[in-house]
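Structure incoming, see below.
Chains: A, B, C, D, E and F, in written order; residue numbering restarts at 1 for each.
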Amino acid sequence: MDRWILLKHLEQFIQEDLGDGDITTRLCVEDEIVKGVVTSKEDFVLSGVREATVLFEDHGVEVKEYFDPGDRVGEGDVLMEVRGPASVILSLERLALNLIMRMSGIATKVRSMVDAAEGTVVACTRKTTPGFRYFEKKAVQDGGGDTHRMRLDDMVLVKDNHIALAGGLQEAIERAKKASFSKKIDVEVVDFEGAVIAAENGADIVMLDNMTPSEVERAYTKIKDIRKDILVEVSGNIDIYNVKDYTPHADVVSSGALTHSAPAVDVSMTIER
Amino acid sequence: MDRWILLKHLEQFIQEDLGDGDITTRLCVEDEIVKGVVTSKEDFVLSGVREATVLFEDHGVEVKEYFDPGDRVGEGDVLMEVRGPASVILSLERLALNLIMRMSGIATKVRSMVDAAEGTVVACTRKTTPGFRYFEKKAVQDGGGDTHRMRLDDMVLVKDNHIALAGGLQEAIERAKKASFSKKIDVEVVDFEGAVIAAENGADIVMLDNMTPSEVERAYTKIKDIRKDILVEVSGNIDIYNVKDYTPHADVVSSGALTHSAPAVDVSMTIER
Amino acid sequence: MDRWILLKHLEQFIQEDLGDGDITTRLCVEDEIVKGVVTSKEDFVLSGVREATVLFEDHGVEVKEYFDPGDRVGEGDVLMEVRGPASVILSLERLALNLIMRMSGIATKVRSMVDAAEGTVVACTRKTTPGFRYFEKKAVQDGGGDTHRMRLDDMVLVKDNHIALAGGLQEAIERAKKASFSKKIDVEVVDFEGAVIAAENGADIVMLDNMTPSEVERAYTKIKDIRKDILVEVSGNIDIYNVKDYTPHADVVSSGALTHSAPAVDVSMTIER
Amino acid sequence: MDRWILLKHLEQFIQEDLGDGDITTRLCVEDEIVKGVVTSKEDFVLSGVREATVLFEDHGVEVKEYFDPGDRVGEGDVLMEVRGPASVILSLERLALNLIMRMSGIATKVRSMVDAAEGTVVACTRKTTPGFRYFEKKAVQDGGGDTHRMRLDDMVLVKDNHIALAGGLQEAIERAKKASFSKKIDVEVVDFEGAVIAAENGADIVMLDNMTPSEVERAYTKIKDIRKDILVEVSGNIDIYNVKDYTPHADVVSSGALTHSAPAVDVSMTIER
Amino acid sequence: MDRWILLKHLEQFIQEDLGDGDITTRLCVEDEIVKGVVTSKEDFVLSGVREATVLFEDHGVEVKEYFDPGDRVGEGDVLMEVRGPASVILSLERLALNLIMRMSGIATKVRSMVDAAEGTVVACTRKTTPGFRYFEKKAVQDGGGDTHRMRLDDMVLVKDNHIALAGGLQEAIERAKKASFSKKIDVEVVDFEGAVIAAENGADIVMLDNMTPSEVERAYTKIKDIRKDILVEVSGNIDIYNVKDYTPHADVVSSGALTHSAPAVDVSMTIER
Amino acid sequence: MDRWILLKHLEQFIQEDLGDGDITTRLCVEDEIVKGVVTSKEDFVLSGVREATVLFEDHGVEVKEYFDPGDRVGEGDVLMEVRGPASVILSLERLALNLIMRMSGIATKVRSMVDAAEGTVVACTRKTTPGFRYFEKKAVQDGGGDTHRMRLDDMVLVKDNHIALAGGLQEAIERAKKASFSKKIDVEVVDFEGAVIAAENGADIVMLDNMTPSEVERAYTKIKDIRKDILVEVSGNIDIYNVKDYTPHADVVSSGALTHSAPAVDVSMTIER
């Protein structure tokens, strides 16, 4: 059924790019069967290729994939070959490449962080491109990361503004615990005292936001002492350079930049008869 | 009516983030009127703030804007203030910030190129994030750039694959000229010979792709010689460092990286009672 | 924003009932302002009245509510009064009443179970009417119950068929644990052995399905022994008559009949000038 | 084309249950071909099985149906067998069963009434679950009943509130007769006098609401005397116990409870390799 | 609620014309408040002006209407005045005029037929422009005509192909009578014998297709003899010139040309400061 | 991909006509395979047949086309044959014929103008039926004409109201030239002076509106003198009788009546076993 969900999104993207039709292709190209070869133009971690495949297949184009999502590919590698009507392949080319470029860019950035994090879970956030979240979350998974919340209805995440408006951390957690038993409760805190309150009052996850490695260590030790099952999430300007300072005392590191500032990778398609 | 068009898109983005509702805010926050202050955390060219305003206003939140799209803002500047029900502001906060972060990132990158291009038009391409093109094109405009084609139905753009399948450049242009008189015809060429053929056969725009500055100069001179009104577009790995090598002999420089690889800027919102 | 979500659904319901318009009202009724009074015709727990209010208000009708969702109302009680154009009130009357009838029916059934369960959480399931789940889950909450999963993407719930196809309980749980850290894992088991395996392998919730009260007691004791924080959910033909046999050893009782077989309550609207 | 109409509705129901995907099945189940067997767990009149078939077939699952809609089935009967990818069958299982459970519940209740009504037409009303009307009306037909109006644009039905606002029964009917010649006019009356006025002024159908059997008999005789072709519809708290008091003097009996308070039947699916 | 239904349609029409925005108005016009005056440039029966009003009002433009739908207007008459932001009025101008042009064209054609038909009901058919039926049927009503069926689910209309495939007229009618009691049954026949069979077997309406005036007279007399309440509809190349040959023996005349071949009327809008 | 775009539109048209289903066909016709033959009943230029083909094929009906769009067909010609389930063919018949009737009507009118225009481009306008523009523009192309703007975002077209509100022709053109380099600029003028200003200030197209043939000649000569590449469009009450007075001095003639007042052609379908 993932294919079905995917197609719902892809239909909108086709509409966005196609409008009333690819007027250039309609004029210049006759309806012959051609082959399109998608090639990597740099080294990266592949993502988006499955999505491009579904896009093409749903419009009658055969696809041969040469790699799996998450694979490392090198410059010059053939990523996929498509075979079908020239008009369809040319009209969908840009969208297919846009999917691969962006998703692989994210997967590549995530993989670097995952490698640096040495076993700690690496998660993205809700700092995604509006309209494209489903794909960016998927790219994070392809890179080896964790999606974190998909939407605001997904997990309870008590943040600074909720705490301020609830009138304090303890009161905010009390209220949060009225959520369905099926939901986890994640509480964002900014210091040791907050971490202790969150852990003692029933948070499933305590998110240590913008704390130093030594503060993180202290809070982590105390939290695990209170209840071993509580997950410790660390967040705030963590990148591949400093992530190792945190990972010994973190179950999860989360970073918005994984999705909001990953440069696209370079891929191209050439058509052959 | 731009507001109406904008709202159509924003509705989808709200749905994407909200799902069945912001369960944290629903549980933790009472329905009081609060103020939200959006602050810049670095220097950049502002974009997305108008879109965020429409988003908030359409849900009953008053907005004060402090800058116009395209303004340069500095770290610490207050970008906008919103006033309304806490539940609405908190539920829309992330989407509003995501719009500003990404659009300003693009506007900032475009502005650097515009400044470097010293009067030559700077245009983006169709290498945009699927589902978010309308906003990325708008950000390019806010940065001082040109949208280029919005969709495949917007202008005739004859590219390598069309030429190959049409059986040659001249034949491809002949076919393209059957387009409506209301459409421009842009022809992508890769060398001097192609440029001459395109110019002599009626292209409105000749796009010189991946040619060296000296090749561009030679083609430009010849094209203008053939017909002064033909626009010369230069494309292919042009960035702020090399753009000046091309601009003396280009009416337009176009670059996909303006939209596909612009890092987001950093902004945040704080809530006050 | 809950109002916004609600309206998305209500728009579809209006369309379903209205088609090309209420031809009777269009012909027979002039556009005067009238009052509509919604009255209870039996005793029940109220739900749907907030939804009816949003329905009317969004079409320019003023509403006075006399009770809150979850209140017990008696035969003859005035539930709400609406004031606006006759044509609007008559055209929306049936939909408004359909919402109140069904949702109150569910809330009433849930409340009986909640009262009988003496503190144990009462949850519904995904056995809801297609197209109406959002409202049935809301009615369960109004009755004092818990929504359980809203959708298949909401929580990991490992059931018999997953276990069979994964090749055993332990393997199924291993696989399930690859879910995002933000998700709980609920594991359905049918006997003591299963319960122990689930508890020892990291289930957040163990659902004891169709087990006798004494089996439930034994499993509950063991599970809590393994890890105190694991929730025990009991399911399978539980109703208000037998629920007390289970509640001493259950954190949650879940029942599909709460939504799939709750008879509607009786309400009516009279129009006054 | 009924399949096409059906699929439009089913798409929304899939979306409602699936969201971003069946995360449990995605994690726990490999893509093998399996068989699912849907079995009845009590005696009832079958409905919804055609709809479930279309649901499965549209996603590449083969279906064998063992009964027709409207058939009586017994406890333990195999209702349908499906064969296809495990991931698809598991993801659609709940929706398929929800369709069968609810629709069969209604069909069963309708059939009891039809059997009791001994030839008089049994009709439902617009008291259906919002979002699910198409299916509830279909279930009524499968049970042997009549759909009555599908929507407010379907037939003119003059009710108490229309009469009050039009300033009297006769005036309301005069106005109603301006409807298209293609529409029938049904007039709800509460006493003998009303019945006579409706019949004499051109109603196609006279609905006797909440009248006693003897009042119904008197009105029926008089109406048929006025014009033989007028249909007499009887409504208001009619159930299988009292329906026979009315049927000798009614062409149609209509009842809201057929759809709003029919308990679901019990069915289950088991998966086999 | 008719306004609500109308807006659903109008939204699609705006989208169709507006796309990503009125680029000319966006560039050339500042946001001042202006007045637009819609003037008739020939004599006709007015329709579409209510729809144009709703279009403008929904986008914040005030409207003064000078005539009611169905009024005859003369060359030079001011039909409506609008006052609001220049950008909105200019962007919606063409759609508003398109509505009035086409709908008035139809209303005018219908009115001529209604006048010629001297009391016999004049009805259109389903020969409407795809996507615009709701408006064409409304224009027919504004002209004084009858909508006939809105859709295929509206009335049973047994035509030649149904009769052929059912194996004869009588069998077709037998089957048709299994429709809901709420539906009328219209039977198309081509000769006297067919008319008699239809009338004797329970048709509510007998449609005499392509019969001569004297054949119509004979059939009409016989049908009314069989049952006075049966409506006689006459169809097939009836226009204002020959309609009077039929009307003495017809309750309804129906004509597809009323909607499929009505030339648009001429109206224009001028903008004043 | 044109088929994909087409289907999006067709789905809405099916919905419009079908509603909850073709109740007559459902009742009267069994599911046999039949043949439908679409025949021309007059001479005309064919259009809409490709669209009808896609409509049928997408619902499992085989189609044989006997002519291409743009072909002249004579009375009695078989236009297409369809073969498939009776229920599908009967339910789609009216929509298919409506497409062919209207589109051929337009193509026929356009062809007359094209023939009269002897080589000058014949273009339609935005005076199309709301909801049906895509098809009317296609019919214009089938007739040999030019689509002109599809939407308001398609080309800059500076008209009288823009000029008035911009404060003069020259200022309006200055503003218009800020449009993307990818767009043409068309300027509507009403006299010689305006034509000169438009041509000298950079219009790509000058539209001479409601000018006499001799005024057109004078303006044309001057415009071409200023810059040979500027296109001259002539508009305003041009029909097949007067078009030749303009064509010697026009590159394009545009006319709204081509779409807004083209009578439908007559076609019918007969079903055979």
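Of note:
Going forward, a residue touches a chain if its C-beta (ideal position, glycine included) is under 8 Å from a C-beta of that chain, and two chains touch if they have at least 3 such contacts.
As the structure is a computational prediction, the values presented were derived from the model and not from experiment.
Annotation of chain D and chain E: jointly contacted by C, F, touch as defined at the top. Ranking all chains by how far their C-alpha centres lie from the centre of chain A, first place goes to E. On residue numbers, the D-E interface is repeated by A-C, which shares over half of its contact pairs, out of the options A-C, B-C or C-D. When the C-beta contacts at D-F and at B-F are tallied, the pair with the greater total is B-F. Chain C and chain E, compared by their mean Cα positions, are separated by 45 Å.
Centre-to-centre separation between chain E and chain F, using Cα means, comes to 23 Å. With each centre defined as the average position of its C-alpha atoms, the distance from chain A to chain E rounds to 53 Å.
Under the contact definition stated at the top, the residues of chain A that touch 2 or more other chains are 18-22, 91, 134, 150, 153-154, 183.
The full set of touching chain pairs reads A-B, A-C, A-D, A-F, B-C, B-E, B-F, C-D, C-E, D-E, D-F, E-F.
Listed in rising order, the residues of chain D touching chain A in the complex are 14-15, 18, 20-22, 26, 59, 87-88, 91-92. Put simply, chain D touches chain E in their complex at residues 121, 123, 146-150, 153-155, 180-184, 186, 205, 227, 229, 231, 233, 251-252. Chain C makes touch with chain B in their complex at residues 1-2, 4-5, 8, 134, 150.
If you check the complex, the residues on chain C that touch chain D are 9, 12-13, 16-25, 27-30, 32, 34, 86, 90-91, 93-95, 97-99, 101-102, 105, 126-135, 150-154, 156-159, 161-166, 172, 175-176, 178-179, 183, 257, 260-261, 263-264, 269-271, 273.
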